[in-house]
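Note that the chains are named A, B, C, D and E in the order they appear, and that numbering of residues resets to 1 at the start of each chain.
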């Protein structure tokens, strides 16, 4: 046995311990990251799952022409502004005739959501022959009722509902007239102050348009800038300075980008506040450093021999870049895009400055309509007093994360296809 | 035609121009004996034609759209009788909005004066005319551009150079955007900072040990002298970022190494994107998590060993922030580690190095620039984060290095100062800008140092 | 570019009420639902006073009155005619977890527990840095728990109001401190409105929900936040009595509860008739079914004005009466 | 040594013959492969013993049932046409093939009593014992000094800086590179010329003094003088170590090796004493190859 | 061809001599460098004309005032000890040195009438006219087919897929690789053996049929048969193209080249007809090198 072998044998146990330790660190690190993810997810899902269903109460309502105050069922205007709440109140009073006095009546009326009236309106619009008839319907309950119905028996003590209200609900529950149904409005409506009516569709579309603008601008610009700086720009003190500056941009607090957007895009170019285009541009500025930095790292990692090979064949610099460097660097560039876009998707602070922290009910139809975005919606809901918003907030977070995962899946799939070792 | 439709049409025309350029270059090449006798590939002739179609048309469209509104407005305003002319610019703006709203039906014509109603009709007709004109002009320009590009094609033309020049110019413009952003940011903080330093001596700001947010917000609120010592903020930033990086760098780096060097492909395919999700969780969520889940745990542990832990602590915020920035390190590092050529691994393994030795001594140094980039990004993100800090570490500017104390960061103060109840000119609002400037300069220095380190230790492979 | 929807900015405190009104208004009229940005009172004023024209908002909400300087700024930028509307009150409560002890504090206790400098406990007209660590030290009737109060940061309107109404209110109970007001107003304010910075008062950000949830985790801590959050989280948190009065709907409305403030919105008159629906919005807001004693805003936790005040205010609002410099102080 | 002079390297007697041997494949069909390798592939008491080695790259089989021994202190040359599997076989001997995902090795391989593909085997120790010089020079992107010092450092072969300096110097000297680089030991190894890089890689491998040295065309980028230096090194090493060398220079094989193995399309056709292989090859493929023609 | 047989490549008459020539540096001090290159470095009407070329890597000078011509349809061999600057010089001829940041080239270099270092020169066109095979095989991480097709594609040498297929096939055939890879044209070029990669790179370069082909040790990883194939290719190419080849095999130089240039420590010591260089070298350094000893 040679001297080396002896020496190696001696040191081997120690080196293997180091190896195992190292690998264990790796597993531990991944485990830690994934554990954090799982914790976050369980926390969110635990809080948010209940928001996907909401409480309905079965009632018999009568479309009474007098109460509704409609003289002509074909008149849109009259149908729109008729007193549907009155119809519901009648139904409630009939159901619980014991309620007397203003206070008790108020309590009674507040069992049903203000949104229920709009349902009646839609029914009547669809079928004017309902006028004067009585039908049995599932009516959307108020959010407090919803919280009460969903909470466990001993938590019900903490409820905001009055004793009267509790007894009414319990009597309805005993008759099987209270039911949890799929929360459709969550996925079809814009924001609302009534938790049972609030939806995230407005924010989802807003986020979609904003992210679209961000992606369309930031990825090509970021990659192009990285290519220019890495491949075409002369290498000197000035480009070093630019490199440092771009790295530095990444550390600029995001709200400052909002300030910049406010001053330049809204102030100078006169674009309106609160619109996805402006949000997208601001987030682009914020995301660019991330994409540029990771793209440059990826370009740097392409071995020079590949470039030489192509150049030796008479490929122009541009061809070398587009045919060889770019395909090899794309996975890294996509990584930059993935985390940059992820960050942009979850960002609120800069949007504060450009008016996207707003209450917007109407679902935006395009990138120039006022809109809000998912993280802002989350931020706003998280700050709302009503208890139902706690679950809604978590539900919105779940939607945002699904959005994120959907967005990433495509990029990750692309990246996976492009990756190779050489 | 609507601008959107016009753009769509333009795209079709560009595709057509490309096709025509392609056809023509082949047609020119045939008698010469194949495309090898052209100066450039047909692709470049085609691209050149497409560029000639696109750029003039887009420029015309852009310029037109930039000015047509003003023009139409002026014409509508001009049509109003002298008596109802608006007095100034903002009145004109309002009147126009009124006219437009009437024109679009949002306001009923009955609710406004007859002049306005007439103007609204004029506006509608002018708008129609405008859209027609723009459509015609843009299409004509695109066609002329295409024709010019097409006619000019010749076997000697240096089409590749021209197309590449255009591309390179685009690349350069892209890089310029990053530079302009820097300039813009400097501009947007510089002037206000100068005004701030007019009110508060720079030395107080730079070396002051006391940051008291209770200065006069309003003239009538509190009259005590404001304390604008930024040191506690910078120390707080350092503390929280350091904690975050202490979590993110080892975890991220080790994750990256494990994913790139040890993990089976399936694990990697799942774990890498899974970790990337961490970067996209909204910071509000992390904030709640830090404040309501992590902080109480830290507090309990602290109390069980007899430590006095503030309910808001740098530790909770830093830990959670660390989790958030893990993917910045892990994903970027994973990419560059994967890019290290196999030959280097072979060389090391062939000498009897263990995997970890290979990673530590060969792969890591070779991948250093990319890894450093990831770490810098992570650090930047940590410095720029606010929500988590506000929710879990509070807003109190304590000068402390104890991670169990409440601290605040520069960025948090910037955000609170900018979004809180503000007065236009108070030193307090301006302080946000001064803080921004200081932060900019500090991180700039850090980056210079980082660049230096990378240059020094970089090991260029191949 | 034409704007056919109302643009509203301003206070985050008024935001939940304004949005409720806006939503109803949007549903029950042919106008689009107004867009409401939550920018904070100061931010709202800044945007509102930047000028007239569609790029500027039509209405701003505020959880405090417009300042003279802000009014001047408005005038300077051509925002001449502004209608001021007081819409109701917001109570600021001092609360803790329902699991904790119920408290009954006086303004003086609050001042002693939270001010930066307090009269020397050993007596004499001397100020010392706040030495109190537990509530019992402040007032033997109070429980022996550490003073730990989570509240909004100085940039928040709620904090202003709390300082002004609670801390200063307690401060004034010391005659010799009150006397300073006559001599040196700014010194008085510095003493009576400064909050301690040694960790007993924790600046917990502007998210009141977070404060509520933190209180649940930490039964010894108290929190300072708006009444609606107490209202909505009954069962989880309890409001301390201040000066013997519990924070309830009625006690705030009647003015018995000492820590409450008025809420406002301001309308830019130049935009009325230009941006469709402004009058309609004001009408909806000032209708009885909205801000009345049993209106839907009360449901949301806004405390209505007294009936007669409401009547006056309604007239002023619907008539779009301009405010003047002289009204402000 | 005397056989060496017989061969005119890379100059097949009749160059035009290359035309006729265009298709090896075509020829393969007509020539019968021996079921067993001809000659004497086995020795007594070998340092390394390989039996029925088969290597696959994915579906494609690169080595077909090769069996041979490498004796103690022996220099074995592996020769054969490009692409015949020499490198692949060599890489099996210290399990460098492990690093290629799609590569699968079957068969029995032993280093003394140690089964190389025993799952319990310690590859690190194996590779420290069986060192390798790769076909493509692959210096680390580190200084010349660090390149050579890398092995000794990880194995802890030098206790002091002084010892390490000495190892580096003697290794570089043995590889004939010392004079060229002694003034620039701390400039990067990647900034060397092709031949210098190759010698650097040799120096790096011998710096850890492994028991067996595998060299894959170690002189391919070297001029005659540097080649002579390396061959001298091989001779010197063979006094105490075992060496397997892949070479396309038959002269070199003749000069340095004790036994020579001739590979053809993944098969070991013949293995014999070097003299025998080059003077009276047993197999007609071998003969065709060493005389510069096929058949 | 006849001179070729005189040389026994890489086998210096007396191997022990290598010991004595350990330090080239040491020797350099005693030997006077010629102020001018001896022999006939210039020809009439050359394809490429180089004058006073100096190359620096940072501070370090790698080429000292080299002047030579390469005639039309001529094969010029560059020989010399490892590290003497052959690759460096070759890389100047199509400006590949541009890619090395620290590398600086001075002097006068012309391709026909074109100044190579004219700032207005289109390097892309230059490199299309002057192709290069690198010392270390560097296939693209693409399929074998795409590796070869890349050049023709970017230069538009094929109008149709069919033409391209043909170019790929003939190029691979000329490089003697076709038979080995024809079944796996679409598997990656990086999965080839060392010698196969080298031939792939040759095929890739000749696929664009450049006017001048620069080859940096193109046969270093090849067996004699493949080498013969490449040499034959060189002979064939030289009928219409100009070739500069770096080789460490003097036999190869003797076989394929018309003129030979001997480099020593960055200087061009002698350039002459190949026969002259190998039979009666004018300079003693040249003689020392080709006889396998120094002085």
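FYI, contacts are C-beta pairs under 8 Å (C-beta built on N, C-alpha and C of every residue); 3 or more make two chains touch, one makes a residue touch a chain.
Remember, predicted model here, so these are calculated numbers, not experimental data.
Enquirer: Identify the chains in contact with chain C as well as chain E, in label order.
Expert: A chain counts here if it touches both chain C and chain E, which gives A, B.
Enquirer: Relative to the centroid of every protein C-alpha atom displayed, which chain's own C-alpha centroid is closest?
Expert: Closest to the centre of all protein C-alpha atoms: chain B.
Enquirer: Per the contact rule at the top, check every chain pair and give me the one with the most C-beta pairs in contact.
Expert: A-B
Enquirer: Between chain A and chain E, what is the gap in Å from one C-alpha centre to the other?
Expert: 61
Enquirer: Please work out the Cα centroid separation of chain D and chain E, and write it as a whole number of Å.
Expert: 26
Enquirer: Taking each chain's centre as its mean C-alpha position, how far apart are chain B and chain C in Å?
Expert: 36
Enquirer: For chain B, write out the residues touching at least two other chains, lowest number first.
Expert: In chain B, residues 288, 342, 352, 354, 357, 419, 460-462 touch at least two other chains, as defined above.
Enquirer: Counting only residues that touch at least two other chains, what does the list for chain E look like?
Expert: 136, 154-155
Enquirer: Quick check on chain C: which residues sit in contact with 2+ other chains?
Expert: Residues 1, 3, 39, 55, 206-207, 210 of chain C touch two or more partner chains.
Enquirer: Mind giving me all the chain pairs that touch?
Expert: By the stated definition, chains touch in these pairs: A-B, A-C, A-D, A-E, B-C, B-D, B-E, D-E.
Enquirer: Going by the contact rule at the top, pick out the chain A residues touching chain D in the complex.
Expert: The contact residues of chain A facing chain D are 1-5, 7-12, 15-16.
Enquirer: Can you check the complex and tell me which residues of chain C touch chain B?
Expert: Of all residues in chain C, those touching chain B are 1-4, 31, 39-43, 46, 51-55, 64, 67, 69, 73, 78, 116, 148, 150, 153-157, 160, 163, 185-187, 189-190, 193-195, 197, 199, 202-207, 210, 213-214, 217-218, 221, 270-271, 273-276.
Enquirer: Which of the residues in chain C end up touching chain A in this complex?
Expert: Counting only chain C, the residues touching chain A are 1, 3, 5, 7, 9, 12, 15-16, 18-20, 22-23, 26-28, 32-33, 35-39, 55, 98, 206-210, 226, 228-229, 231-236, 294, 296, 299-301.
Enquirer: Mind listing the chain A positions that touch chain C in their complex?
Expert: Residue positions touching the partner: 80-81, 102, 106, 110, 114, 118, 157-160, 191-194, 266, 270, 272-274, 352, 355, 357-362, 370, 380, 382-387, 390.
Enquirer: In their shared complex, at which residues does chain E touch chain A?
Expert: By the definition above, chain E touches chain A via 94, 96, 99, 101, 124-129, 131-134, 136, 138-141, 150-151, 154-155, 190, 201, 204-205, 208, 210.
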